[in-house]
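Shared between the two complexes below is subunit A, which has subunit B as its partner in the first and subunit C in the second.
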Partner chain A sequence: MTDYPIVEATDIPAAITALKQHYPDAVKEDTRQGYSGVVVDRKRLVEIAKFIRDDLGFDYLSSATAVDYYGIADEMEMVYHAYRTAGGPALVFKAQTPRDNPEIPSLVEIWPGADFQEREAWDLYGIRFPGHPNLKRILLWEGFHGHPMRKDWHEAYYEQDHKPFDSRWPAGHVRRAEELNVYGKNVRYPADIDLSKLSDRSEEALYSDLGLGVSIQELEGDASLKTDRLVVNMGPHHPSTHGVFRMIITLNGETIESLEPVMGYLHRNHEKIGERNTFLHNMPFTDRLDYISSMSNNLGYALAVEQLLAKGARYQPPTYRAEVIRVLMVELTRIVNHYWAIGFLLNDLGAFFTPALYAIAEREKILDFFEATAGSRMMCNYMRFGGVFKDIPERIRSVANLVNDRVRDFNTMEYLTELINERIPRSIDELDEFLTESEIVKSRSIGVGYLPPEMAIAYSAAGPLLRASGVPYDVRRAEPYSIYPELDFDIAVRTHGDIYDRYLIRLDEMRESVRILKQILPRLERTRGEPIFAGSKQHTPRVPLGEAYGRVENPKGELGFYIVSAGDEKGPQNPWRYHVRAPSFINLTALGQMCIGHKVADVVAILGSIDIVLGETDR
Partner chain B sequence: MSQLDLRELNSTEFPIPDEMQGNVAITSLSKIYNWSRRSSMWPLLFGLACCAIEMIATAASRYDLSRFGMEVMRASPRQSDLMIVSGTVTKKMVVPIVRLYNQMPEPKYVLAMGACASGGGPFKEGYNVVSGIDQYLPVDVYVPGCPPTPQALLFGLIALQKKIDGQSLANLDDVPWYGVGPSEPTPIPILGPDIIDPRQMDLIRRQAELAAAGKPYGIREIPAPVQKQEAPQVEAKTKAASEGSEDEAKAERMRKREEALARKKARQGS
Partner chain C sequence: MYGKGIAKGLWVTFRHFVNTYLDDIRYAGRKYLRQDNFEIRQGLKAQGAFTVQYPDEKLAVPERFRFIPFLVVEDPDHPERPNHDWCTSCGICAKVCPPQCIWIVRGSDPATGRPIPEPEAFYIDIDICMNCGYCAEFCPFDAIKMDHDYELASYDRTRHHIHDKQRLSKPLSYWKQIAPTTALEEAIERGGWEHPDIIKVMKKAGKEPVQPTAENMFAKPAALTATVPEPPAAEAAADADPAKAERLRKREEALAGKRAAEGGEAPAAAAPPAASAAPAAESKPAETLAPGGKPKFDKQAMLAKIRERKAK
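Moving on to the complex of A and B:
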């Protein structure tokens, strides 16, 4: 489907050899224990990246992130994971820069998808990217002191580098962090704070380079209908922005000239906290990334850490039953997410809440099963390294959710069978019947928010957004994990790349999920009573040194976890680097492009069709 | 309220003839104000994080918020009475939240939904997280949970209704908006090097002076761990104090009312 040449070099060693041949003095293999890929000379990074994309065929930049090796080496590093859209493993390449005055050339020119990720690295690590068109802070505000993800930057409530904190264990004191802070708040000001010129610069910076104040003459030179330029701010409190998301839109008349997403209103410092936590500690935090599909987030993180654990001697892979249950949960989650996405897309199209109510009602049935199994409707915290933490229960009995004032009590397998064979397909058909042919849906969505396939790849779009543009890329097939290879399903693809196709592809994907689930049911029966966990349960596993990138096909797109285990020789208990490649975040890179030329009213619909969740966007 | 039964409202001191039961109610002003307010709480349509998803689920068909007259979620703060702070409050977001709160007309209430809004929650230690919305806004009801289930949220909303039922026009501190005009707006935090609460300016200035003088600043001496036995004693004391002094409390209320009225007069005079 793409115009990019897919070059023969099919495996990573061959690609690395080719790289080394072409750039013998600029490319070295990464020989640190547990690392893979190559380290390239940062001065020639752009040129080498171009070679990787055009000659080696790694056309899809999945993730670009920074690591601070403070205390290990005096360096910071950018790590890039590039894939071929035809499938296969990643080519990992890195560029290193000294910690003081860090600078790495920008790759936005090669992969526009690196745009937000580089801005994030600037914001959180202070790495500058010469050549980046718009290097501003992205998650924090302009004027914030310091770059918080650096290892030597301490937050106001800082106690110690790693958990468990000595004061809690073994000392056993529990103290509210506010009590230790003069201000009684989570704040810390630099010593040289200048109180005489305190003002909020954060807003100014947003509007500074929008080219406001256009001269009237310039506009009047145009003989056609005269329109005014106008800057409209949407959000962060706005009923249709799916959470605290903000956009600054420049309009010419009613037509969008440019759109800039502004985020960070839910930046909860997931990664900083993640690097203080132990490996297992992070599992419940992943729930709160894409909080609509917590189960799949769990799986992504478990896979990443399992990859690392597999480098050690005593690792046992998850049992077969664990894998079956994982796929069951993950596919149910996909359905839950798509119900939500479709319901709220219709909200955005103006069908206020009626379709959403139907979709949410169906979702509740699946949540009941989650609650019975994991103990929570939304924040399941269910997967572990090497399996899942509990088998599915014999019966579903939920006192909390009464139906006609009666406690319901079902046999779980019967409940699931009915759900998968009848309820879900019926409700998908229902949505299909009422929405797909609706004239209003069609006229609002066909041809709107078009994203061509080359652009989707270049912008690192993932998930339904990518596949609706005609690129059949799905991690479940491109780099299979769990038991997906033995399951029979198709990758849904649509070719028009507009809102309508993104809606349709979600229906398709739900149907494919049902197809998978139907194959899971007999496997569940067959493995009943088998262990759900391999090896002995360990609360603080020691993880071998090295790096890993675990990725899964989340309902919203490719979710990746880049984990580095470094420092302690015996194998640390805390991740040195814990990075989340969030599909919602990276999919937004293309939002501006998709909106240009459309009307204001289409913006919310286009945003709705990307389907973002702010917990994951801002982390 | 789907079925309006006036008998609910009637105060017991005023017997109403049988034939007029259900048509007429004789009641106090406070009661009818409270009744109408609490039966039509309009929340602000406003979600922050994961908790918002449960809030939406509460509003949807299974849990059905409209049973309490609360389903009319308004997108505009001007039309809403209740702010459900549903999720993590970040430093970047607290600025618009305070602004929204200031824009809501009184009477207005705040419900902190979930661990994050109540006290920081799982992400409390993060550098961009506010340890609970009550550091900036007065909170009426806290609902624990991460996220609270829809049932828990409903429970919190019912608790809020009870609170409203207990308010009295005779007590201007309860319902300042009836007595002395609108309250002062909450000062809007500033995004400086870190978030700055304008109410803490003096403190920040003093700390900055300390820093300039090369002294340690910004930290407080770590207090000794709390002794376990102390807690019940304190509780007993406050209990004893509150029991023996009903009259005192009444006098105190009257005094406060006088003060509030005086303040109002002063403001009108100026």
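Moving on to the complex of A and C:
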């Protein structure tokens, strides 16, 4: 469908040179071992960022995240990954700030997509962003003491900095965490907190920001019609929010004037857990991010760590068969996810559960294959560094035993062939026939939740949301990984940027996935019996020093993992920094904009069309 | 024409509705009298809705399905070491466990205090376990496996959700039952149906273990003691008291020998690289498990044997 220039990797050094020429005293190259990109003087960050966006053309800010170098250097760092929507690798730039008074100018005016990410950095690291319009905590509650991602912050159940914990072996007498931390006493308060004065001020802060108090404000306009601005809380316990998510909506009559997402109800500090874990430990935890598409999450994380491992001498890249299986899995996952997304979008539009159940029934057939291959339907934990867990089995077979009696037995390749060539295309066509022409669907979705392309880019929107707005940006083509370069497929693009196009683009993407899968089948046959692992499987790989940003085109958008290995000095087997660039989280940045001017019922549909999963949003 | 799209959609719904009943008729009434009917209705040819009536009937899970680990022990009718743990308490599972739900007390010899390759206690807190399967994947002895029994609801999580060694232990035949293909693959990789250590002992004694096939999967293992020289067999098996005393004595001897040979041993060990590399790779997990374990006291004899062979 689209042709666009492939940007060469050599472009990045050229960009860095240009940066250094323009700002000779404010930009220097990052010379730490294993690092790339430039370090920028934080005082001039905004103008440099503007230069990067406007003159160098890196218009898409993929990720902005903080790192705490406590104990290594007395500094915190913001790391930005900027891309060109035309494709190509990232320009990585960083700004450093002292730990005791961390402050970095906000980039929200350059890239509005930095909004939530900077709030997250403030929330979890305590870095202030002068110039940010709404610098509040985002995942934790206002009044939370401390910034938990800092390296010197310890959780209530703190045991040790790094796993594996010493208490487990060789003399590991079981203790339940709650025995050590009795309920009611399981929260530790710092000495300087006066509990009697502690209160959750998050609600007040929220409402005062909206300019609303208890006083009634009369609106201008028709004097005969007394209307009032009204604040409605949608969620957190609301079936349309796909989990626990809350939207504070200011209404003028039925019309939305502003919408503010409130999240964090499912927050578990995934990244802190990730930094306690070893590299391998994190793999099953990534399943729990976007739990609808765990295979893709696995791949993103595996790619990031493999980038780091590749810096070592003994690294062996995954075998061809492993790559084939990986692509098979992630493309099936994309179909699984889009079945789910379309089914529940229709739920949100009011077609209660009939389309959703039809979609789920089809999804089951793929999950059966996942279960037989990876051992679990959703928490697949299938990818490993340098390969996959196990080859696909000869037969998809269940075994009757004492508890289970109803068995199935299929030849895997036959099952896959029929699934990919017949069952999935048929069910996609059926969904198409079922919904696309429906006048109700059309009238509810066409023109609703419009997101113009330039805004989609500015808000760092990703995945179907971005492509439905007419931006042909897909990581599989923009910065190819695995065996995607040799596969023939198109990037689905739609141009209207409304709910209807986001629905259509998911159908398109499913069809493209089927196209990819049809090319995967002969490759699977051809590589049958070849190894799925290069070298031997290690549970504690030596990960060289450095940083890596691995990203994949997840069904929901661009999923990135920013990983820093501090190597042998600080916990040899554990990532120093483990950051997830969650598409669901960042796509929500644009939600408020998309909803203005629409009705309450449309909010539900617009949210459904973004397709979020709260496990990933809240992390 | 307005409403055509809706009508088209309703037609799809109607088709689903009708197909459900057509399939019910096609496949022998409402219930599936024959197993293959069930398979078809669960497979890719299925049309319409079809429900498995849980809990009256349960869908069997595939072999690789993983839910809560269990410990493999020898079958109760094993001729030499009935109910003996396969686990050597090397601790790899506890280390690779992402949520750290495994606690192991390494067994030790009451007389010497030295660690022995069997766990004294083994706990898994199943409230913490995330069913990732790493313990089974990375266990070098195939001693911990993922179970298929997913009905674990209980009234008291504080008591019933911490599985101890007794609760976790299940015989090898159970594993062969729930995962025949995987069990066979693993056995072929090990080189026999027995525990890797036993296989090593057998090979050392010049006795080839039976090649695993699907047919001899449930065959009773032959007794080893008659054909195998004592020390390693006693090391691996033996719960009875005289054997234990014997083992202690042997270990003390070995330690003494080792202490005596401390000075001269290093260069000797480094001399034949080809010979020393193989056992080192083989006994890698054993190194972590038992500083005073069996590889040590065999070394001198082994070296002597190698020198002999080279001399020829």
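Basically, the second predicted complex is superposed on the first by the 570 of 619 C-alpha atoms of A that agree within 3 Å, B and C clash if a C-alpha of one lies under 4 Å from a C-alpha of the other, contacts with A are read in each partner's own complex, and residues count from 1 in each chain.
One rule holds for everything that comes next: a contact is a pair of C-beta atoms (placed from the backbone, for glycine too) under 8 Å apart; a residue touches a chain by one contact, two chains touch by 3 or more.
Since we're looking at a predicted model, the values are computed, not measured.
Contacts of A:Ile292 after superposition on the shared chain: subunit B is touched, whereas subunit C is not. In the superposition on chain A, no contact is made by A:Arg44 with either subunit B or subunit C.
In the superposed model, A:Lys311 lies in contact with neither subunit B nor subunit C. Once chain A of one complex is fitted onto chain A of the other, the partner contacts of A:Lys518 are absent, as it touches neither subunit B nor subunit C. Once the two complexes are overlaid on the shared chain, A:His162 sits clear of subunit B and of subunit C alike.
Contact with both subunit B and subunit C is seen for A:Ala361 once the two complexes are overlaid on the shared chain. Of the two partner chains, subunit C is the only one touched by A:Asp409; subunit B is not.
Once the two complexes are laid over each other on the shared chain, residue contacts for A:Pro148 go to subunit B alone; subunit C is not touched. With both structures placed on the common chain, the touch criterion links A:Ile396 to subunit C but leaves subunit B unconnected. The residues of subunit A shared by its contacts with subunit B and with subunit C are 173, 284-285, 361, 379, 400-401. Across the complex, subunit A is touched by residues 45-50, 52-54, 56-57, 60-62, 75, 87-88, 90-93, 95-97, 100, 120, 122-131, 135, 146-147, 149, 151, 190-197, 200-201, 203-205, 207-208, 211-212, 217-220, 222-223, 225 of subunit B.
Looking at the complex, you find that subunit C touches subunit A at residues 2-6, 8-9, 12-13, 16, 35, 38-39, 42-44, 49, 52, 57-66, 89, 91-92, 94-98, 100, 102-106, 115, 121, 123, 125, 130-134, 137-138, 146, 148-149, 151, 158, 162, 177-181. The part of subunit A that touches subunit C in the complex is made up of residues 163-165, 167-174, 176, 277-278, 280-285, 354, 358, 361, 365, 371-376, 379, 381, 389-390, 393-401, 403-410, 415, 418-419, 422-423, 430, 433-442, 537, 539-540. Per the touch definition, subunit A reaches subunit B in the complex via residues 139-141, 143-145, 148, 155-158, 173, 175, 177-193, 195, 198-202, 236-239, 243-244, 264-270, 272-273, 276, 284-285, 288, 291-292, 356-357, 360-361, 364, 377-379, 400-401, 614-615.
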